[in-house]
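In the two assemblies presented below, subunit A is common to both, partnered first by subunit B and then by subunit C.
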Partner chain A sequence: MNSLNELQLDALTEVFSIGAGRAALSLSEIVGDEVRISVPSVQVISSNDISSTTLSLNSGRFGAVSQNFSGPFNAEALLLFTEEQALKIVSDMMDSQMSLEELAEFEHEAMCELGNIILNACLSAMADILNFTLDSSLPNYTVASADDILMRLKKNTNQPYIMILHIDLAIENQRTAGNLVFLLSSASLTNLVTHIDQFLDPIS
Partner chain B sequence: MPVDSSTKTLLIVDDSKVSRMLIRTHILSQRPEWIISEAACGEDAIALVANDLPDFCTMDINMPGISGTEAAEHILANHPSVKIVIFSANIQETHQERARSLGTILVAKPVTEKSIALALDYFDNAQ
Partner chain C sequence: MSELAIKHFDMEDISNVINLGLIVIDADSRILLWNNWIAKHSGINEADALNRPLEQVFSEPMSPAFLSALKNTLAYRLPVVLSTALHRTPLPLYNAFEKNQQQSRMYQSISITPIQSRLDESCSLIQVTDSSTSIKREKMLRSHSEILKKEATTDSLTDICNRRFFDAHYKMAVADAKRQKHCLSIFMVDIDFFKAYNDYYGHIAGDNAIRLVAETLKLQISRATDIVARYGGEEFVLVMPYLPQKIAEQFAEKLRKAVFNLAIPHINSDPFHQITISVGVCTGIPKNGDNLLNKADAALYQAKQKGRNQFIFLPLCETEEYLEQ
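== the complex of A and B ==
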């Protein structure tokens, strides 16, 4: 499977921008303020080529929300923020008067909810626009080191392709950056590309 | 070539080529006689409008450089005759209000037959 061409990546970026817009609308209803989420770029690479730079995984610990999606293609999706950024987001989502210890109690639940909103908004935009149906599992939240995450992505030989969306999230004017990563098998990537081509065909 | 009075000109502003292709295809299926031009950012849109005034314009919000709302504000301040529809995935109330205050409407992406019908309806009634 060769990499996606410019138009296919443009289509995916547009699909995910629409997903991000939907997620921002839901999140703004939770935090009661404007939320901005943008997806500046989408990349599809082989998991062998993944490095800490690709995912801006510098050091420290990361909060990862994972969810499995199944349909015409299957994917494991991971939403990654540094743990510090994750706690900031949780604080925005919850009562911001809470102490850090109190916030930590809600971290798991709030991050699962955030992941659920962002992942499902992106996947549902993709399903609506590219015309297919996807089912999702319940979200799971773990905190792991950059090395653990990289190891997990590299070792997953069944899903050798990785689609990376760089995400900018701003809640109440506090900006955070994260990554949304999809792990895809070769067959799943081929099916996804077929659906993108079917979408592009009538307008090209 | 004499231009028929039903021939309108539309400028599509969107940084996504796919999005511009979608808008163009849907519009031309409804209004095959329209003449369409494209810009990939707000700055180019402002320059194009100054050179060749379109009747209508569709404007994305999130683009590199100035935002679509800023570009729309600039265009309307200098060329109030242009009717602008803002196409965006960001449909939070603040954006809807901003669009209304500029004298435009905000239509939710994705670009579909339905969203294009809303834009065409606005253009038709604005004439």
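== the complex of A and C ==
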């Protein structure tokens, strides 16, 4: 299992775009303002090839929301924003007068919710379109440096494949870019591809 | 849970003493579990809740976000969190529930997780925690920090900005004016013959005079961008952006007149025998190396030399020779 062909990647991009649309809708309801989320590209690479550029991880600290999934395929999903962007998103969502420092108390939980909404929306889109359901853990939020994150991704030998979704999030004209990363084992990737092929089959 | 643990504890006992709200509903949203914590904070007994649809149990509505989260958990079997930060009070729960008493809803953090019943039915577990304490703590810390912030930047005698605030604000105002290429005016104000006033009328009267002058200067500014600060002793400074030279001069005269009109007697101040001020003004678009404050100070010195109770204007862009003349 090396990588996905273009057609399979297109199908995944479509699935996740639908998920992103659902997440945007839920977030708009909470924020009371238009939220737009798009997934411009999906990449599947081997964790050996991962670098700070593939994840646009420059310097600084990152907020990571993680959830573990199990079912037809197992995966760990990580939603990554820079810490500064994460705080900005939360403060936009809360629409408050609080300064970023004052937000710290709530940031953790609110970021969990934001990540949960985006991750669940992507999963529910997969469930609807690719026809499988996954179980999931509750989200967990951690703050880590780019090096910590890369090390963690590379060290994870059980899940040598990494699916990266680049995510654009816009709230009240504030644009933020993040990454949604799925860590997959080879068996899980094979299963995912099987489901994509089943979805593509009636079309081709 | 191991068999041993099941023998030793009844899960129902635990769910009833736990300091956490627990509700379990089935796929049709009928209530299967309603623990003591929820009963206590909702004012609804377990007996009145069990087997009824969740939507019909509360007399007040649940938040739309909670309902759609619940729907999603039931449809996709995915766990959901509702954070206090974004929802505050999704369920009609109260801290100490007493009837006939107006209460505000408890701040809540909620998570909803899909679980499987022994009969293999899809159910949802709703966990509610009280986040009022952390919100209260946050509010208290914020109000403390606001008070301290204000105290740290306010002059205790006059209640206008202090030197510390001025130093920081001046730096920012100059950087701003440089970047956006707009003009900035600095007014240095000094009470004339103040030492003589203190010597004759005493320090308490001196303090009162400083307070009155500060208050009067403050009354002259109205834009949010303008500040007046106590620079030291009987000296004040005003920072005002966007004023053309002519307007800055008119404003300096307005300051002088306002203090003059206070008509505070000062027997040792010739020739008016009342408290007056001298004002040094400098206006310009600052460039690297320019020092508005020094020029305003030089202007103030000239105003003193020329007989006090007046203002002197110096433009920022003039060469040093202009100053010497």
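One rule holds for everything that comes next: the second predicted complex is superposed on the first by the 203 of 204 C-alpha atoms of A that agree within 3 Å, B and C clash if a C-alpha of one lies under 4 Å from a C-alpha of the other, contacts with A are read in each partner's own complex, and residues count from 1 in each chain.
As a convention for this text, a contact is a pair of C-beta atoms (placed from the backbone, for glycine too) under 8 Å apart; a residue touches a chain by one contact, two chains touch by 3 or more.
Predicted, not measured: the structure shown is a model, and the values here were computed from it.
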Given the alignment on subunit A, is it a clash or a fit between subunit B and subunit C? fit
Touching A:Ser17, do we find subunit B (first), subunit C (second), both, or neither? first
On the A-aligned overlay, A:Leu123 touches which partner chain: subunit B = first, subunit C = second, or both, or neither? second
Can A:Met163 be said to touch subunit B (first), subunit C (second), both, or neither? neither
Which partner chains sit in contact with A:Val44 here, subunit B, subunit C, both or neither? Use first/second/both/neither. neither
In the overlaid three-chain picture, which partner chain does A:Val35 touch, first (subunit B) or second (subunit C), both, or neither? first
For A:Ser136, using the defined touch cut-off, is the partner it touches subunit B, subunit C, both, or neither? Pick first, second, both or neither. second
Mind working out whether A:Ala64 is in touch with subunit B, subunit C, both or neither, as first, second, both or neither? neither
First (subunit B), second (subunit C), both or neither: which does A:Leu55 touch? neither
With the superposition applied, I'd like the minimum CA-CA separation between subunit B and subunit C in Å. 15
Touching both subunit B and subunit C, residues of subunit A: none
In their shared complex, subunit B is touched by residues of subunit A numbered 6-7, 10-11, 13-15, 17-22, 24-25, 28, 34-36, 38, 125, 128-129, 200, 202-204
In the complex with subunit C, residue positions of subunit A that touch it: 26, 29-30, 90, 93-94, 98, 102-103, 105-107, 109-110, 112-113, 116, 120, 123-124, 127, 133-139
Listed in rising order, the residues of subunit C that touch subunit A in the complex are 64-65, 68, 72, 75-87, 109, 111, 113-114, 134, 137-138, 141-142, 145
Listed in rising order, the residues of subunit B that touch subunit A in the complex are 16-19, 21-22, 24-25, 62, 88-92, 94, 109-110
